[in-house]
Amino acid sequence: MSPPVILVDPLPRTLDLIMEPDVRARLERLGRVVVSEDKPMDDATIDALLPETALIFGQTAMPAERIARAAKLKAIINVETNFLPNVDYEACQTRGIPVITPGSAFAPPVAEAALGLALDLARGITAADRAMRAGTEEYGLAGNRDTFRFAGAPVGLIGFGDLGRNLRDLIRPFRNPVAVYDPWLPGEIIERADCRPASLEDVLSTSKVIFVFASVTSENQHFIGAREFAMMQKDTAFLLMSRAAVVDFPAMLDAVRSGHIRAATDVFPEEPVAPDDPVRKVEGLILSAHRTGGTVDALYAIGRMAVADAELIMRGLPPQLCRRADPAVASRLRSKPVSVT
Amino acid sequence: MSPPVILVDPLPRTLDLIMEPDVRARLERLGRVVVSEDKPMDDATIDALLPETALIFGQTAMPAERIARAAKLKAIINVETNFLPNVDYEACQTRGIPVITPGSAFAPPVAEAALGLALDLARGITAADRAMRAGTEEYGLAGNRDTFRFAGAPVGLIGFGDLGRNLRDLIRPFRNPVAVYDPWLPGEIIERADCRPASLEDVLSTSKVIFVFASVTSENQHFIGAREFAMMQKDTAFLLMSRAAVVDFPAMLDAVRSGHIRAATDVFPEEPVAPDDPVRKVEGLILSAHRTGGTVDALYAIGRMAVADAELIMRGLPPQLCRRADPAVASRLRSKPVSVT
Amino acid sequence: MSPPVILVDPLPRTLDLIMEPDVRARLERLGRVVVSEDKPMDDATIDALLPETALIFGQTAMPAERIARAAKLKAIINVETNFLPNVDYEACQTRGIPVITPGSAFAPPVAEAALGLALDLARGITAADRAMRAGTEEYGLAGNRDTFRFAGAPVGLIGFGDLGRNLRDLIRPFRNPVAVYDPWLPGEIIERADCRPASLEDVLSTSKVIFVFASVTSENQHFIGAREFAMMQKDTAFLLMSRAAVVDFPAMLDAVRSGHIRAATDVFPEEPVAPDDPVRKVEGLILSAHRTGGTVDALYAIGRMAVADAELIMRGLPPQLCRRADPAVASRLRSKPVSVT
Amino acid sequence: MSPPVILVDPLPRTLDLIMEPDVRARLERLGRVVVSEDKPMDDATIDALLPETALIFGQTAMPAERIARAAKLKAIINVETNFLPNVDYEACQTRGIPVITPGSAFAPPVAEAALGLALDLARGITAADRAMRAGTEEYGLAGNRDTFRFAGAPVGLIGFGDLGRNLRDLIRPFRNPVAVYDPWLPGEIIERADCRPASLEDVLSTSKVIFVFASVTSENQHFIGAREFAMMQKDTAFLLMSRAAVVDFPAMLDAVRSGHIRAATDVFPEEPVAPDDPVRKVEGLILSAHRTGGTVDALYAIGRMAVADAELIMRGLPPQLCRRADPAVASRLRSKPVSVT
């Protein structure tokens, strides 16, 4: 009997970026691995392999007719981490083929950076460094006129998926009261994490530090706009960590420029940001070029999680580390595919 | 019977800076409060009050002859938080008069800022912001070429008093292995905090992030010099949080300028730093003008801790929040008094 | 338009046992609730309601033909918490109808009791009480001849689902090294919980306290037998918390009677246990009549979790609190239905 | 120069019981060790050695005249762990000679056992075992009629020294609200441990589980009597862990016998308890023969802590692990010396 085929079509990622040698060796032990990583796998190869394919690692287009021909397919493992519309999720569900992705791999580095940015905004780290370079520093208490302690400050989380939960765990020693707005979750999930379920208005108006970890859907684009920024307290620290499209970006910049809030952002409406984009000059804003998640260790975690779940699936067991695409949810999500890793 | 006198001589602090109204009210309930805060209390007043004085809040000079005349003195509570040589510690000990200080009040804000600075050095927060303002940013993985994850990185602590212990608790969620060098402590204290007791060389050569929290003594000035910086791994993040005199400052700047390490410092050999001091221009160094401890809440904590212990002492109970001066140790410490709060 | 029907068929549970009034009120708001709790819902009623039924709460038989007629069915929520063979799981999957259960509700009380039993076995609580009632007690060190500290003792977990994870969190302050045997999980899940993935032999031979939290499947009945008990260290504390069928029960009793191990069990091969069953007289065994999970709060948690997920499902969102039946796994599980709550 | 003398007079302990070989070797390296452990050291030996004695390990009588002759004495280290009246604490303080004891060594095992006893009382572990042996067991929910979940139950601590703090840390995963009554401590110490400072009445009337960890002083004997037991809620779990004399013992037994509370005690007014003492037959009471602290590891911890602090003291540094006798406090404490280890 021929070994099962494992079709690897990982662009924009490559296997070397997501798998350390020992993980790749584990992948090789699962079947006959066929890789295309200089370009997307060509249709002829895909069509030839499909009948024997047990696993797809990557973002291969899988319309219903291909799924029908992949009689031995056990799972599709997206390694780009956004569910794309090129898979027929309903057809996969009907066949009992899970479509999964190790997207939570990015949560630890993003949450770590989010805390770093929040401490910076609260305690004035970047600002104090600039002041000292400009010769305008003040010492001791005078140097803390515009700062506040992160410890104990009311924190608001908008979105409580992997990112929010990672951040929540990182800040436990600071003993903040934490309010969470996440309309996709029952209050019980939020309360179990020692947080308080809250409305968006409540989070915006009572928090001193607000982290935005929400996904973009067809329904929530720009849901944080001028009206919402006006609800925030003066000097609130606002951190945009997930997707630029959830906020009205110009309204955010206005709120920062006017001195109403201070902010940090890792995402921008258009990336790369244009050389002359005025966002580059906004005072009171910490800029990060969509780089808090893309760390070497996060990419290796993608490969490690994908292969560990592939091992379970080949043994007839359910995956444990990757998230499943829910057809209803997948169709709501509006992430753009990444063009850079 | 006349009420006990509480002599308050807090310069360079003032009562308003260290006590919120409810705390001050508690102080007033302990006895007749006599305050001098525009200038140090004059000798005549001190000498007149001493026989009835139960508590001294502040930095009044207390040589042996004054202690001898203060027959009802129960404690001296230093609110500047450095034990000065103007008190005869031996005489106090003989009389059973504790000399105490709420110095640990500064540890939480300093530790919080230290973590913020460490996350900045590890993840390149300040550097990425500068790059984006300069138009030289890189996105995703490319933007992380010079970064490392703080989570899991080997951490070294030099000094494990209040500062080190606060930092240790803040970083628990990051699961770092933590090595501690503190020659004044038994290994058991360090191990109980889930850290590894280590030699200085061990800490320097195995840590990716090094926090200096050591006090200055007559014996350890400049104990981290060129030889010690050379022992560190390339790209180590070095954070000088306690006293400038424990390091050879020019050697530290050389190690940063050469690109061997990256660093942040909250302290400087001379403060305020001269306008033309070249330290202001060093790349790879985050500058903070001795301001991580001097937060509003830390100053209020000083007052709150001092009054809470004063209440215990007036009831015949031992103090619980302030640290006692140990005559042997107090004579070794070489902190300069603060000239700015 | 008529409101959706919510078919409630909860025996052996009743709604009053699993829902506090506020939770029941939330259920009523989701649709027209039709309840049968004195007897299983009769076929005629089911068949009449199925075309308009949106949710089934309970253990109604749902073969393929019924599923086919339930055109508006969105989910089946099992409140008994064992997936029974009377549902066609494949048919549900094909239709995208999740079959879910709030079985994790039992994990917190079982884990809490498991820790209590483990502390008892380690520190000799029950034994010391008996000794003092018999007049044979010894004081101080002499009274600790057969005890060991739970803190720091090597712990082994067999099974790392909800029960194992709850127990793991409860024992964190005791700083035990924890080894886990769970062949259904990748090592990464175990390591994230600060445990060590291990083989069964490793767990059995290196642990001082062994907790059995494994489910019964068609493959693992009696997998801990005489050979496995012999592998354990003398005086190991062995806790059987999940299902009696995973151990060779007589072999366990022999290991206890011989003095090789000490044990506690919450489950028995036949329940209720026969009046003259010799298990009732075994020394060195703590007996618990399948009662560690069945607490009032656990039953209310079942209702609360079920309704919270029902609310999400009715909004088109995926459930968050209940576990989904995986057809492949459901067919392997061999739990008996409960006959008593 | 002759080496310093280390006078070891540890009865009722012996060196073997409190020091493992490596710890004893560290002791030997500190000076010339002179031991008397079959009987208290005789006066002639003491008097001959005193002028060269640097450290006393043990409970040697040290009135003022002996202290005066011990010109090189640096510390007295009590290894029995109760400060006895045979030392002139004032004279030691005047000379700057710390009198210290590693009494906190007992806190971890006592707190561990206290949690085990509390879980037993809450969840009915001992009671369920007895019921099953008597053939009167009930299964599932029916078997939990008289139980409550320890998790989340209001906990009250009476006394917040080493014992209370250890217990507090052990129960963190259970998320209990914790009220503390300790008149010797400022509220801040209690609040830092996430507990609520409270009056005795408040603790007694609002807690579902009450732990008594208080020391006996000349002022607090029998301070928990009939009136206080009456304040408790029905079915409160009451754990007496520190000293029998803080409660009115017969009143406690009455409260248990009447079914008002359930209780566990590790201490008794007279120990050993008389063979015919009716306490041995009280239902609803878990009995422990003053054995929760006297574990092998606790005794070794005494030696390890004592030697570690001795090492610091010989280097001129303050001790870090042992507690100092405060003359004012030492004179209030009323513990009986232990007659059994």
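Chains here go by letter, A, B, C and D, matching the order in which they are written, and residues are numbered from 1 within each.
In this section, a contact is a pair of C-beta atoms (placed from the backbone, for glycine too) under 8 Å apart; a residue touches a chain by one contact, two chains touch by 3 or more.
The chain list, named the UniProt way, goes like this: A, B, C, D = Phosphoglycerate dehydrogenase-like enzyme.
Everything numeric in this text was worked out from a predicted model, so none of it was measured.
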Taking each chain's C-alpha mean as its centre, the one farthest from chain D: A
Centroid distance [mean C-alpha coordinates] between chain D and chain C, Å: 38
Whole-Å gap separating chain A and chain D, where each centre is the average of the chain's CA atoms: 51
Rounded Å distance between chain A and chain C, as computed from the means of their C-alpha atoms: 34
Set of chain C residues in contact with two or more other chains: none
Topology of the chain contact graph, where touching chains are joined (line, ring, star, complete, other): ring
Which chain pairs touch, all of them: A-B, A-C, B-D, C-D
Contacting residues of chain A [partner chain B, same complex]: 17, 108-109, 112-113, 115-117, 119-120, 122-123, 125-126, 128-129, 131-133, 135, 137-144, 147, 149-151, 169-174, 271-273, 275, 280-281, 286-297, 299, 338, 340-341
Of all residues in chain A, those that touch chain C in their complex: 90, 93-94, 96, 184-189, 304-305, 308-309, 311-312, 316-318, 320-321, 326-329
